[in-house]
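Naming follows writing order (A, B, C and D), and every chain is counted from residue 1.
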Amino acid sequence: MRKKKNIFSKLPLNRYFDILMLIFLTAFPFFTKEFRVEMMGRYICYAIFAISLDLLWGYTGLLSLGHAVLFGMGGYMIGISYQIQNGVVPAFMQREGITEIPWFYLPLQNPIVASILGILIPALFAALIGYFVFTSKIKGVFFTIITLALAQIFKDFIINVQKYTNGFNGLQSIKRFSVNGSTPLTKTTYYYVVLVIAVLVFIFCLWLTNSRVGKICTSVRENEARLGFLGYNAGAFKILIYTISGALAGLSGVLYAPATSTITTEDIGVTASTMVVIWVAVGGRGNLTGAVFGALLINWAQSILSEHFSSAWQLIIGALLLVVIYFIPNGVIGQIVALQRRIITDRKKNKLMEETPKSKKMAVVK
Amino acid sequence: MKNGTFKKITAAFAAVSVMLAATSCGGGASSSSSDGDVIKVGVLFSESGSTALVEKTMTNACKMAFDEINEAGGIKGKKIKYIHEDYASDPATATEKIKKLVEQDEVVATVGCYTSASRQATLSTLKDDNALLIYPTYTEGEEVSPNVIYVGNMPNQQATDFIPWILKNVGKKVFLIGSDYVFPKTCNKQARALIEMYGGEVVGEEYAPLGHTDFSTIVNKIKDSGAEVVYSALIGDSNTSFYKDYQQYGMTADTPICSISIDESNLQAIGKEFAEGHYASMPYWSSLDTEASKNFVSKYNSLFNDGTVVTVLTEATYDSCYLLKAALEKVEDPTDTTALINAFGGITFDAPQGEIKVDENNHCTWVYSRFGQIHDGAVDILYTTDKALRPEPWPSVLYPEYADSNFMPSWDDPLCYPQ
Amino acid sequence: MGTFISQLINGLNQSSILLIATMGLVIIFGYMNVTNMAHGSMIMLGGVSAFILMEVLHLPFGIALIGCFIITGIIGMITEKLLIKRLYSKPTETILATYALSIILTELVRIKYPLSQNVHMPLPGAFHIGRVTIPYYNIFILVFSFAVLSLTLLFFRKTTFGKMLGSVTQNRTMTECLGIKTSTIDTLTFGYGAGLAGVSGCVLAPTTGVSYDMGSTYLTDTFMTNVVGGIQSFAGTAISSGIIGEGRTITAGFLNETWAKIIIFMIVIVLIRFRPEGLFTKERR
Amino acid sequence: MSSVSTRNAPDILTIRGLTVSFSGFRAISDVDLDVKEGEIHVIIGPNGAGKSTLMDLITGKTKATEGDILFKGEEITGKDPGVIASKYHIGRKFQGPNVFDNMTVYENIEIALGGYTSIRKAFSYRRKEKQKKQIEEVLRQIDLYDQADMMASELAHGQRQWLEIGMVIAQSPELIILDEPAAGMTDTETMKTGQMIRDLSKKHTLIVIEHDMEFVEMIADYVTVLHQGRKLAEGPFSEIKNNKKVIQVYLKDDMDEEGD
């Protein structure tokens, strides 16, 4: 921000909230059971996933209902990797008469390569879809519809090529990054690895959204046509942000699969895609904090509450979403930020009025 | 200004600590009750999501069985306390919930999981924590985990008697269909081998995506193939459309559908007129005319009036609970999982379907094979095996090499289960 | 060749199902610009109403059709009054709100009817021409969907009320100036669109049975069909449902159902890429 | 060609035989137009005369059916808005404030800053002294320096109009198109806007669309009158003011409108 000595130099409230969440998450393993830590680790992966959607939807205004496709691609890369360690052909392939690891899976044997591909491939895929969608005149809603269809088709596809993906049953026994048969990371270590990566992703997104590129993306959301007349090719920026978002979604998938030791088609379809949209909507979009908060809160609530209200959980989610849309459209965190913003602006307006009473008076008189 | 910020931070800290307190309370409440006079058992079935409905009847069966056991005095004087967790039809949640049951609630065993995907998702936890899952669903086999007891039948128990009978009594040209995923494909692979072994001919094989509703194309292909019988492993609601389209597009029960994957709940949805005359095979049908079966069905129906019906899954889940009871009675210390698993070998139970037995070696269960013709929305049982059939997780017709080693690879073979 | 011909005829059935399922969306999405993610649920509601009317109250199919139209139409109007009205020109919020609505409707139905329910076939039997079989009911769906299409077109083009609907959705401010009460018109239009969705659910019910999640498969299919045909074009939608229905069935005849879906989807994406305004719409200003 | 033209500067924008029709309706029909470097060229005409459509055509928002648009002798007909803005330096302010509402005034101007529109440039952009000075200068020009940190949506209507003018200035275009810059402003604000435009013309060429005749008189170097998609007349304001055809068609219409 500009160096100007006024109330603006103060950070928005949500940044304090970020720090609190970080403190909470860092301390978390010290006072809970290991399986809760593992659970929270999984939710942090979801939080990264939510951040990736926030970049696309919150900042750029492009609502994807198929974001889990990119997430799933990352997860499946690492998942496949642990099925074919040491050149063993997994049982589900043998069952279909495959005796050798297919050539296109060979690079995935190394989990590190698989992780990198798990980020690159979703990014490339997003770029490709982005190219098709954003260089034409397709409007916002159409993008949403296409991604929705994509989610459905991709799930069908993964189930169909069961020879290579174990279809509906998904992939299991995904290790927490043991390379060349080394001992996998312990649950708590892995938790911290995920947390550190999440923090890095968060900082990266914070930088990105405050950079010129990020501001351009925000202007796409605000008024895409106007941006064109300022000399920008909005489509290129949309492809860019979709690609970055895809890479981050892929990364979250790569981290997620070892955190649960499994990845299945439930993680990639329409339902999974809409869940992440709901987290971001409830938490608040366009400020990163909301995405993280929403992902952690809703998943945590689901885990705790489902012990009591399991059959009504979907109903609760539906109702919650309606409440958010009609009463706190900015989401929980977004509402807090907006409130703070309003208070500051009011003060500023009052101050300006006090400073220039004469010119104001003149305007009224004339 | 700084003061204000400080206040806000304090407030937020307070909020967080409230959240924490709530969490630790939730954690503490259930783990504190691990005293000596109850035996805790996990029940892991979905209450929400796509398979919730099917799993509801399984949850009910657990409730019914454990309440019966407790009324009859429990196990060596100890009552069973069952803790139900919902995995929302999502395998990843199943992983989380099995961890909760094992690590926090410290259950001695869990009865649960419906889809293969959810069962497989729990395997690594079961292995890491050396815990036990009793799995009641009929399954595709080709997997045996040392931490799972498979009470649901293996495909061979539905097919080995059914297929020769079909070839002899119905027709030799068979068309295989199924939903597009692991269970139907594996079952059909075995069916194909059996058909060829008994001198039949497979004239076509088709798979429809899960939840598919337009079967006109597949029915046309069946018609063009000249099939005399259709062998079906279609799952769930697809069956409704399939049986309807089958008749709508001019096929009749003269070319019957022989299904290994429909039960009473599907029959209700398909409708009497469309299911009439077709065949189906399962270890248990609620129409079974024995004292034990009739009592079981009427008791279930009197207890639960929630739209669910008794199916093979209900029965198998009920059996699972009783097999667990028998195993628990055999061991000194119920928390010794290894001993408990070993205790299952050879255990028998006089189930509604007849006497069943857990195999001494391969963790699967000897169950009956029953098939019949659908008439007026129920199955008229035409054939029942004399006694329970041997389970073959790796069916001998496809894997003769395992026939001498309990129909499975050795326990340390990576093919045995995903590890 | 035999496969081709029989698939071509089967494709007609899928096409007419797509057409009738999409028509409500042409009105709600195309004309009113409401991205209705609850469209699938409204189809499902139609199916459930059909079950209640035909199997519980034992009313004849013809009355059930009208009943379904009225029931879902009323639910649609209530939806519009309570939820949609406040969200015009907020596309994202509309998507979320209608999605939330679809969750709620689905769950409510699931609680009441957890099992998939059978609705009897009102027109059993079929024509047999050589090896090709055409069920009477398929012919009914085909004729019925075109009848509904023509009626809707007539309604929009010829009746005063229909023209009013058209003009409200085309130019809101202008009609407001003319003193037409747009909010009532909006409610009625939405109700009409929802009613059409309900009718399609009723038509589908005897072939697929009724279950709480029956709408989900139609949601993407109908949106795709609508977008390919041009969102405001009934005729375009008719043609695009023909193309998608036939394309999918014929592809499935030679490959399999899953690949047919994937291939048609890819073609649709390419089509949208080069004709975003739909295949059969003239470019508007 | 018009005989009244006495202007000597070279053409910055030349339009020949421009026509566009929407499903048969000719919104712009065979229009010729010359805009000289450094002038304030005001386009007037009654509602529906095709003024905004003409601007849409110049800036690439709408594609012409026939005819040519030349910028400094170079064909720009049918190019994309982004290209026309970034390569040919034509900036446009829309009718009614068209700004980025949920961004601060400062950010609005910063985004508009010319020369950083490609992805690569956008990444390499840093807010150094030079850029800050540039932005602050624009903010002073449009008198929004004190409001820099306010959201655009929080500004008054007139201020939003200025903000958009500021965005156009920040683009550092050679040709600025202003579509009704003073619409909905108070008298004071209108005066201020007029002064702003006069100041701008020292560095830029401007095309301004206007309704308000007093305002036109205040700023115009040269006026073109459009009517029903055709050019009715052109010349200095004093000439136009007395043109019978114009009075008949336009001024009368305008008065009717104001009478509404």
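We adopt the following convention: a contact is a pair of C-beta atoms (placed from the backbone, for glycine too) under 8 Å apart; a residue touches a chain by one contact, two chains touch by 3 or more.
These numbers come from a predicted model, not from an experiment.
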Contact distance in steps, from subunit A to subunit B: 1
Relative to subunit A, chain with the most remote C-alpha centre: D
Chain centroid nearest the full-protein CA centroid: A
Centre-of-Cα separation between subunit D and subunit B, whole angstrom: 72
Separation of subunit A from subunit C, taking each centre as the mean of its C-alpha atoms, in whole Å: 33
Rounded Å distance, subunit C centre to subunit D centre (Cα mean): 46
Approximate Å spacing (C-alpha centroids) for the pair subunit B, subunit C: 37
Numbers and ranges of subunit C residues touching at least 2 other chains: 258, 261
Multi-partner residues of subunit B (each touching 2 or more other chains): 52, 180, 209
Interface residues, subunit A side, partner subunit B - complex: 7, 10, 13, 16-17, 20, 24, 31-36, 38-39, 42, 83, 88, 90-92, 94-95, 156, 159-160, 162, 166-170, 172-173, 260-267, 300, 302-304, 306-307, 310-311, 313-314
Complex contacts: residues of subunit C adjacent to subunit B: 2-3, 6-7, 10, 13-14, 17, 110, 113-121, 124, 126, 128, 131, 133, 135, 137-138, 206-209, 211, 213-214, 217, 249, 252-253, 256-258, 261
Subunit D residues touching subunit A - in the complex, by the definition given at the top: 59, 61, 80-82, 85-87, 91-92, 94, 98-103, 106-107, 110-112, 114, 116-119, 122-123, 125, 132, 146-151, 154, 167, 171, 186-188
Residues on subunit B engaged by subunit A in the complex (per definition of touch): 1, 5, 8-9, 12-13, 16, 20, 22-24, 26-27, 47-48, 52, 85-86, 88-92, 95-96, 99-100, 103-104, 115-117, 120-121, 123-125, 142-143, 180-182, 185-186, 189, 209-210, 414-415, 418-419
Complex interface listing, subunit B residues touching subunit C: 50, 52-53, 56, 180, 206-209, 211-214, 216-218, 220-221, 223-224, 237, 240-241, 244-245, 247-250, 265-266, 268-271, 273, 306-309
